[in-house]
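I've put the structures underneath this note.
Two complexes follow with chain A in common, the first pairing it with chain B and the second with chain C.
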Partner chain A sequence: MRERLSKLWRTLAWSWSPASERESSEAIVKNFWLHWFPVKVARASMDFNYSFWLGTASAALLAILTITGVMLMFFYVPSTERAYGSIKDLEYAVSFGRLLRNQHRWAAEGMVAVVFIHMARVFFTGAYRGPRAMNWLVGVALLFATLLLSFTGYLLPWDQLAYWAVTVGTGIARQAPIVGNTLALILLGGNQIGQQTLLRFYVMHVFFLPVFAWILFGYHMWRVRKDGGLAAIEPLRNARTSTPRETPAAKSYSLFGVTVGTSVAVRSSMQLEERDQVAASPNLIRRMMLVFLIVFNATLAAALLFNAPLEGPANPAVTPNPAKAPWYFVWLQELVASTTIHLGPYTVSGALLGGILVPGILLAILAAWPFLDQSPREAEGLWFARNRNRQNLVFAAITGAIIILIFVGVFLRGPYWRLYWPGMPRPAMPTLM
Partner chain B sequence: MSNLGHNYGTVRIQGDDPAVNTDRRRLLRIVGKGSVLAAFLAQLGAAGRAFFPNVLYEPPRKFNLKRPHDYPVGYTFDAAHRLYVIRNANAFHVISAICTHLGCNVQWKGTEFDCPCHGSRFNPDGTVISGPAPQPLSWFEANESPDGFLQVDTAEPVARGFRFVPPNLKA
Partner chain C sequence: MEQPLKPSPDSYEARDFGWLVAMSLLFFGLVAIGFWREYRTEWGPYQHEFPEILGHYGKGEEARKFIPGIKQIWIPQIAVTDRCITCHLGYDWSAILPPSLAQPLTPHPAGDLIAKHPFEKFGCTPCHGGQGWATTVNAAHIGGPGWIDPMLTPALAASQGLTMDQMMQMRCNFCHRHDEATPGMDVINRGKTLLRKRKCILCHSIEGRGGNTGPELTYEGDSNPELYDFSRVAGQKTFFNWNVQHLMHASRITPTTQMPDYNMPIDDARALTLLILSWRRQSFPPEYIPAPSEAAAAMQPTPATTPSANAPEHH
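Our next item is the complex of A and B:
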């Protein structure tokens, strides 16, 4: 019976189906949707203990966010009068509307975390050397896009969190030297947060930033393939070839002349032997589907268990006390709150120092790191390689500092942004003055 | 350059032929390509310019509040305009409630202003006690409109110590 059904399915759905590994490889090369998969993929690349499949998980989150986001667009109205009401409608009037919004929200927060952990994985395995440096830069841009998507996204419900987070966010932009006021004017579409601000953030959130992220994501995947796959294969390749690696004599492209200097070499896995590799179809495709399903179910479970927060409608007259940014920006809030310096008659606002200079410098170092890194190439593709100890420690220390700041901001800050140790009584704050 | 250059082999591109490639032709080619490129860039600039608003549908910066005698002595928060009206006997002054750090509303706590966002504290005259605020709170010009309302102009900052005494205040 089962055999007959599967036979029926084959005759209905397939004009042809692969009978051998070779045929399934050809299916990948010839298929429009699958062509960005390699034909063969190294076993080392597939190893969960190497990559934790974090890149695939980030991509799955981007897909989930796009699908749930487009669904939400059918119900959301980007107007200051109706935005909050349309979110309330999603929660109480639209069937499963709350579930959609919850899943979008938790997938968004998950993406910030997963993208960052993915970057930490790439750093700790030293997987950004040589031709992969370009893809590291793309990754940094994707991290930035993820944060911008989160920031633009949380203005949209037009609730108190949204309003005051954007007040603080655009206040930081205003402190940028020289261009600050112009930047704030363009972001807000005026001198204060209003209809123009909401519309601008909306268009950024639902069009420009997602398109930017998807294009970068496509390029990111293409580069992974053209740079020879995950760096996990490098130790194996180093062991196989006694002579030092030379530039592979394969095809090379210059992508519209953008990639000056390093041509995008098609690095074949020639040094890898048959037993080091498996066919991408079905192994890699099956694994990607598995990761997608796991991530989808994780966000769905979160959406079923926890509701996305929604505060009272935006009220310019009342600042919540304390007014906290979402957890992934709280460390910046801690910085802007504590880095104002007084030097005699001169004052440097914490908004400039902690809000722009410190994160800007961190981002610049992050982007420049592959070009500054002097560690030996033998460390490539190995977790916590001994000769990368120092830079791994610095990376871990900065990450740890950010996590501590997030912890302090989320758990220890009370009314008027004062420190309250666990167990200390906090004064009850009326929500309205 | 060798990386980026295209190898056309033996194919001669017409423009590269020294016999044909006269100064006049080269000039025409530069002018032609240049004007198309200039038009493209100008339109990009025009599209960018649209993001700078010419008309703002925002409340006017000069507005009327209540009548002076409606204000009790002390600090009164005006939520609609995000400022404090301070009455001391018959003298009025107006201090902005917008924190100079990142724009949250400061709250009057009886002896000082406190900011809920990042913990800045201000003296009753708006100068900074502590916290990240880089500057004192702004003072605005206060006046009386012809029809007897307290009038504030937030486009007109005034020095600390400014006082307005309404001429015909009914105590």
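Our next item is the complex of A and C:
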């Protein structure tokens, strides 16, 4: 009876429990959707406390954004006359339209945060060394794509918030030396935000950037496999090998692999024993389903609880006071505002220093870091390895500074970009009637 | 030889299964909340009540034909999408429903005004303001963050010492700007007379005519209130109030001004301010702009005989 019941449950739940290793691996290899997964995955990589599955969460957000975004495309009209109204229609007249828009919005803002935290995880685990340096670079490009996707999407509702945030953002770009004006011209499609800008941002947002992000994501995943799985296995490997970790020359293409590396087959089977691994089907697949479900639930709950912002229709004649960039760029705006220095008759432009030089240098260091890092390879794949303390502290300090600047910009800046401490009354701005 | 899979005690199935079940249940719960939200609308109860009321007043046939759902007046020529009638269902039933019916089902005050401005051509927001798209009370009446065109309510009008009827004339004048005078727009008419009598045009250019001692006023209603100095304005920080006080004693609000202190009665200042604030950029097509001569003719005590062939038959 018990057996019958449990069999019935299995039938109803359609649970997948392969009877043999071969059945399990064939489930991966023969399935079009799963063939890019490894057949076996290291237990160390499955460990929640290693990766927190943040990369998978980023991928889940990208998938949610793609699906909700395609649905939004059936209602949104990229014209300065109709854009705002089509968002209002979504909010008030389309079935589940508000929910759809909210979920897309919160997933987008969540993705910026989750991708960044994923990067911080990779940094703190030192998982970008050796052949994984290439994947770090791919990651930096993905971070850039994520930010651009968010920023281009920000303009589309064509409300006051969108219009002026993009005015601020492109105003900063204009300050870049030599190329600034050309850059602004390319971004705006003219000298001023208008229909051309909206169309440009729209095409980038719904076609080029998502396609670019998906291709990069595919490459990112391919690299993870080619680099032998997650760096979580490196401590294990280091412990198993008595000889230095360089593989025999015959089996590797280069020692310092930027584009080349050892082949998938070579590295993944190295030094890992049967008991270190589990079958990807169903263990990894189940775990991924779980991560997707958690992320989906989180965005859906956020969409039910909070409405995506939408202000009055874009009005070039009335500047909101203050006009703020989107939160993930507000730290730049903060830098711009606080680094403008007046020396007698001379003015050192804050936009150049805070808007171009500081983020430019940060981005360059970020991209180059795997090649500058001098810490011993024993630190690879370990959280907060002792011999990486100094660089981890610097990374944390820069991140902390950015978070503080974002907090100040989002919560403390009021009219005329003045600071208002919590509880301090803000001046009531005059209204029409 | 195939290797059988060893069941391991620390299997991931045991670890993840509970979470999967919990997350699936949460997912179904959230979807259920989503549906509940979608179908629990603010307008639902009114639409439930309305057919009963129609039936009560002998319109059983129409009551049966009533289809619940979002109702709207859509006029693409003037970019109007007014969903007010999703709740204000009785608006067009003044012949049958009594005016004593509680809002939002009250029939619209009918009469000459609506005969001249049929709902299907004018919608609601051109006269009332508010957010036509919205299907919730607050969003429709007040707007929301950053909405600068709230509905003109009796309360809002009272806060400026006016009645709703008077304040609404500001919006009437969006279209009736070039009437010399319009029946039913007493306050604006008074403003227009004052404008002529006080010769404001000596210093201000309006629609291409006038002096340039003071700033141009053609689109004064579009001004950004934040750009004005309110430090010497007593009372509310509204552009309306700024103008009322400025018109009464210009030198108190802008000490260095060349504009004379008119010391006019506050009602005159309010009438002029309503007029000035009605001067906004409009995108109404020509058929929405009444011919000025007709309105002026309508003001005459005895019906004037106009030589024009297409003069309206009704006054």
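A few notes on this one:
Here is the rule we use: the second predicted complex is superposed on the first by the 388 of 433 C-alpha atoms of A that agree within 3 Å, B and C clash if a C-alpha of one lies under 4 Å from a C-alpha of the other, contacts with A are read in each partner's own complex, and residues count from 1 in each chain.
In this section, a contact is a pair of C-beta atoms (placed from the backbone, for glycine too) under 8 Å apart; a residue touches a chain by one contact, two chains touch by 3 or more.
None of the values given here were measured: they were computed from a predicted structure.
In the superposed model, A:159 makes contact with chain C only, not with chain B.
Once the two complexes are overlaid on the shared chain, A:20 sits against chain C while remaining clear of chain B.
Look at A:372: by the touch rule set out above, it reaches neither chain B nor chain C. With both structures placed on the common chain, the touch criterion links A:178 to neither chain B nor chain C. In the superposition on chain A, A:319 contacts both chain B and chain C. In the overlay built on the shared chain, the residue A:95 is in contact with chain C alone; chain B does not reach it.
Overlaid on A, the two complexes show chain B and chain C touching the same residues of chain A, namely 317-321, 433. Taken in their complex, chain B has these residues touching chain A: 3-4, 51-53, 56-58, 77, 79-80, 82, 101-105, 107, 114-119, 131-135. Within the complex, the chain C residues that touch chain A are 2-5, 11-13, 16, 19-20, 23-24, 26-27, 30-31, 33-34, 37-38, 70, 72, 79, 81, 83, 131, 133-136, 139, 143-150, 152, 156, 160, 167, 222, 224-226, 228, 230, 237-240, 242, 277. Interface of chain A with chain C (complex): residues 17-22, 24, 46, 81, 85, 88-89, 91-93, 95-96, 99, 159-161, 278-279, 282-283, 286-287, 289-290, 293-294, 296-297, 300-301, 304, 309-312, 315, 317-321, 428-433. Within the complex formed with chain B, the residues of chain A that make contact are 164, 167-168, 170-172, 185-186, 189-192, 194-196, 254, 257, 260-261, 263, 316-323, 333, 336-340, 347-351, 355, 415-418, 433.
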